[in-house]
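Alright, structures below, take your time with them.
The same subunit A turns up in both complexes below, where it pairs with subunit B and then with subunit C.
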Partner chain A sequence: MYCRQPLRTIETIDDLHYNLQLAVELEFSTLPTYLQALYSIKEGSNTIAYSVIRSVIMEEMFHLTNAANVLIATGGSPALNSPEFIPIYPTFLPDNEKWFEARLLKLSPQALMLFLAIEMPGDLVPISMITIGKFYENIEKGLKYLDEKMGADLFPCGTLDKQIEHKYYYGGGGIINKVTNLDSALFALNAIIAQGEGAPNKHWDPDKSFPLEDTTGIESGDHQLFMQPRELSHFYRFNELKKGRRYVLGDSHNSGPTGPEININYDDVYNLKPDPQSGDYIHYPELEEMNFNVNVIFSRLLDQLHLAFNGQPKTLETAVCTMFSLKEVIQILMRNPIPDNELGEYAAPTWEYLSPEERTLSSIR
Partner chain B sequence: MTKCEQFDVVIIGAGISGAIMAQQLGAQQKKVLILEAGTGTDGRFFNNNDKKGYESYMDTFFTAMAKIPNAPFPNNPNAPQPLVTDTRNMSDGKPITNNGYFVQMGPNPFASTYTRSEGGTTLHWLGTCLRMLPEDFKLKTHFGHGLDWPISYDELQPWYEVAETMIGVSANARDQNYQQIDNPAVHIPFREGYDYPMEKIPQSFLDNYMNQGLQGMSVTIDYHHYPIKVVSTPQGRNGMPRGDYRPVGAVGNQNLGQRCAGNSNCVPICPIQAKYNALKTLAQAKTTGFVEVRNQCVVSDMALDEYTHEVKTVIYKQYTDTQTTDYEVKTVSGRIVVLAAHAVENAKILLAAGIANSSDQVGRNLMDHPTMLTWGLMPTDIGAFRGPGSTSGIPSLRGGEFRRKQAAFRIEIGNWGWSWPAGAPISTVPDLIDNKNLYGAELKRAISSVYPRMFRLGFLVEQLPDPNNRVTIDERYKDQLGNYRPVIHYQVTDYTRAGMAQAKQVSDELFAYLGVEAYTQYKQSDPGYVTYQGEGYSYNGAGHLVGTHIMGFNAQTSVVDKHQRSWDHPNLYLVGCGNMPTISTSNPTLTMAALTYWAADNVLKALEQT
Partner chain C sequence: MYRLDDFYDLSATLTDYPVTRLIGTGVGNEYNQTLSQWVRQDVLDELYHCFSQLERNNDGQVCPQALRHQLLSNEKYGPIARNIIKMWYLSIWYKMTDNWSMTYGIPAYSSPVIGVESPTPEDYIISNNAYIQGLVWPLMGSHPMGAKQPGYGTWSDAPLNSIASIHLQ
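For the complex of A and B:
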């Protein structure tokens, strides 16, 4: 993913906190986009596509947590529950990339194009353009600078109990390590870069075959860092779906995937209205109420996550339950065609943060 | 005849005990072959064109009419398996020879089943991982009946720790030592500082409701007071990890199943493999590079060396398709042979080969936990049908002086309402619609006013080893490949019936204490209907098949020694629940796994010596 404007050098602790908060927002802003496509899949169908998108979502949550832990460890406080935290889709991503917009789409070839743009590795873009990898590298540079300047003051005491520990992280690739010093902070941020676009490689060769294992046909994005079964970076996982084939041993960037077919049936997907807005349901009180229910639970989730990242990590257990509730109400909503819609489109959630006052049904009537 | 293939170790059976053995030996670079009678998924999660993955089990489960424990797993006439729906009432005193895989000789029907597929019965187990009590290892010494084990709790204790780590058990040691229960007989010593690899699975709303509701309750047996305490159950189910432990996800789809996600479908199949199954250990075994798993190979015979009495060759029938009877007979040999095919199948193979039976104990002492259910409606919603099948139990009566006269039992608290006793909701909701003519708002009200209050207890009652409860073979009863079907003689004796009567008494007191409206009914037509002192009770199978080749102190009275080795054949080891001389009150898998880690260690030592 590209940033247009040059990244500003991080010179103060406030600069650092600003950038880490931006990182949290960046990671979060991909979730509605991915979840919209994931839940548009009719239950029990397209199992491989479901599993691939889900695995990326799990890792985006892992990235968010890593960025938040670094922020907490350096004395900052992540903010997750405000209307500003959640963009209105379609939107540019929070790091000011202007060449594509994140949208809310059903699973479709168009959605997969968008996913590939979001996860585009730095190696694939002109050297002058800034990528998400470089966004994190800039933070790492700032961390090193401040570590030298401030010494032990950069990582104040008393943040350990506020950080999220590994046991909470709900499956998927990666281990959450608490951040206590420069090394552990860099480890956390490197993990984000490695899983998203792949580990940075000074001598990237598009014809060099991926380091795939014989048996799994899967690359080692996570392998060395986490003792995980080998796994492709997000970009290549999505490319498998786009191309409808698995990567196997011997495949390279340029060869594309040449392995077994992945069957994706785009008919087994709810035909969701793209980029829905709450105004779309104004004439359909039942849909309006269902979408409202989604937003209420989504807002509750954000409140719980905010607490979890601000001194009450145990709240994450409750938040996981809320994530399941959110899935349920979203799937209930998505089963409904929008009346009188000439394109035969179905209702889809709008992903809005409601203030506590806005969470009574009367507020929409 | 072509040259016989040679391995360090040939293991028969790709269930949990075979998988553990293979993984342990493969990790030490021993060349291992596993022969599995059933079909398998070869480590796939997703279906891949015509190759089936774990996903195919879910497909089968969805379309099955009866969601019984073996519903998701292929019905394979070349490796047939018993089904709970096969069990019939035997009060007319006649054997049942043509209903399902088992030939039932009675006088009571044997009601438990197992799965003949790669991964074995762990594919459908609930995942309960209880340790045995120290007194369970010495029943004869303490209570004058049953048998003592040649191995003690203290000796097995380190292997329990290995098994709990390798299976991945979620529990808190401070709950599981039962020190909180004022009945010293049930206290289990844990090593100082030890804890399970994962934190306990959160207890259900019902568990917490009962825990509060039963504060202060005790029952009296022979003038002794036993406090009734609700305790979380240790489970082979992924929860929040401790320290560096990493939960093991689904085989072929590692990102799935790293935590239990409350699908409430543990039995018959966990859709995400958050529940442990032996496919995970098999995958680890194969990763060593020294283990080969050969599915669709049914072992039918073994040949001995005349002079050394060692097992020289293992003879098996390899079939290509489950629906045709075409097969090829093949032989392999191993420096050591491990029989890990399940209690009933192990006995069957030994009897067919006519080996390891100088004690005449092969097939004998078959045990199960006759499981008596009681059910009713709670006065308030208790959130039935949510979470894993059971997350807590009442272990207070697992041990005590009363075992001189009557069976001990563990009480399992069921989270799934009346699913076991009445088939709710799948078979009861259609009744509301078809026979009670309910629909719309009224149907919703009928369901929501009753179903969330449904409550069920299970009493897992111990059996003593009885040489007359046995698996035999008979030329008249064979499957389509010409392999023997198990012929089962089985009786629930008064010791166990007295335990059931006691359990019913405890249940009645408990229902009264909690204000439960009882719906329990034992019918004379139930397959497991038995009477004791004029009252009728019904048992079900627990799937805990134990004791068909028991270990013991000498070759005259037991089949294997303390090291799990056959007394008769120096290179033959038996593993699985068949080795257990008594069943007591814990679900046997964890103890069996601990014994198998111990056995693997002994096999390694034996391989090093030869």
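For the complex of A and C:
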């Protein structure tokens, strides 16, 4: 991670770029945590948990794209292809939330607690505690300040072709709009806050019913962001899993979910080693090589994403193909028990960026 | 699960993939179960014993000639070994010949009774998931249709290098 500092007022364009780069890192750093749990689910089991976590992951990638588009629109360049871009887990999130650590865990009650912390609405924690929503609100404040101070210079010409278009996005809620001015920049950031915490304004009433219809239909990803009455925010989607029930019409934050039961069978999950490090496989060359292969493909993905956000948006298509390959090699790794492990744990990826030189097999031998 | 470790060891030699890669398909248990469903336990015991006695090279790998002569060419073991290879690559259990089944198969599944339709099915795909996990797909640089999608536009990409490792005569 780049140097972490407490939230501070954004007064210059450099401050803004620094915070938007942090935002890109923040969004990305949630992905290994969510993906580890998602892929730990055995084939064909826990389908509701699978689709809920997957839907959140799709939208985290949407958030990353929105943050990157605002960064590009204000003349910055997102940086994704370096070892520093990826934290070593367990880790504090890059927005300096110090009250929990993101980890790499199989799907478990403990993992769901962590997911709730990541998506925690700002209104549910003391004012001094940073949440992702508060982090973005600070950026929004900075954007407004700089827009007033710099006027049209805040959004220089020539960035439109570098931004990511909506056509690359599917499988989640929200629309990717290109950022051209303050309004479109705020729209992009508001989408992140609304989807994650689901409480984007200060006049929030915990007893007020959610805008739900008869069914909660959390899988729907096709509604436009602010016209999607059936989609819950990430926090409440995860809360459904934790409580083992759906939210239905009339439910509020304080009532909790009172709808149909959601069954999660934690036995139908690969017992992954928590927070794995590459050193864990040093005595098992075959696992070491498989984890290495995962990291090679993961590194290639980061290179491609870096290009996609730095003037070659079409590379995103290639990157999506690499995401599918990554899923495949991760699942192959995760089905392997670690030999001689007393806890019966399974191998899991370590999510490391390798430089091109490190990507030759000889580097691990 | 009957002698699963032995099944993986034999499979690794027969498919030329490491055991970890085979375990990584997630369907090894199903294949082993299928094998036990069609082949008598004492025959499997003999097969694993035969495999354990094969001459090995200095690197610990089974000597290919010994594998060919003593296992693949053996009238009893050969059909099993070939079916194991086909399971891993094609996810299909191929019906054994009636002769072989009567001698070494499991009677309940394989004995044709005169006047009664044989319960032995034809060749079949072992399971939905097994089909997706077939090793033939990655080997070809392809993917199972309708599953494990490789991503938009990949049809215009050249096949992966792995296809170059197949030498068609």
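Here are some notes:
The criterion applied here is as follows: the second predicted complex is superposed on the first by the 339 of 365 C-alpha atoms of A that agree within 3 Å, B and C clash if a C-alpha of one lies under 4 Å from a C-alpha of the other, contacts with A are read in each partner's own complex, and residues count from 1 in each chain.
Rule of thumb we're sticking to: a residue touches a chain if its C-beta (ideal position, glycine included) is under 8 Å from a C-beta of that chain, and two chains touch if they have at least 3 such contacts.
All values reported here derive from a predicted model rather than from experimental measurement.
After superposition onto subunit A, the modelled positions of subunit B and subunit C overlap sterically.
Within the superposed three-chain model, A:8 lies out of touch with both subunit B and subunit C [touch as defined at top]. In the superposition on chain A, A:324 makes contact with both subunit B and subunit C. Of the two partner chains placed around the shared chain by superposition, neither subunit B nor subunit C is touched by A:283. By the document's definition of touching, of the two partners only subunit C reaches A:43; subunit B does not. In the overlay built on the shared chain, the residue A:333 is in contact with subunit C alone; subunit B does not reach it.
Judged by the touch definition given at the top, the superposed model places A:149 against neither subunit B nor subunit C. Residues 44, 324 of subunit A contact both subunit B in one complex and subunit C in the other. Of all residues in subunit B, those touching subunit A in their complex are 46, 48-49, 55, 62, 199, 240-242, 246-247, 249, 253-259, 261-262.
Of all the residues in subunit A, the ones that touch subunit B in their complex are 44, 47-48, 51, 54-55, 58, 166-168, 170-173, 175, 227-229, 260-261, 324. Across the complex, subunit C is touched by residues 42-44, 286-287, 290, 317-318, 320-325, 328, 331-333, 335-337 of subunit A.
Residue ranges on subunit C touching subunit A, taken from their complex, read 18-21, 23-26, 129, 148-154, 157.
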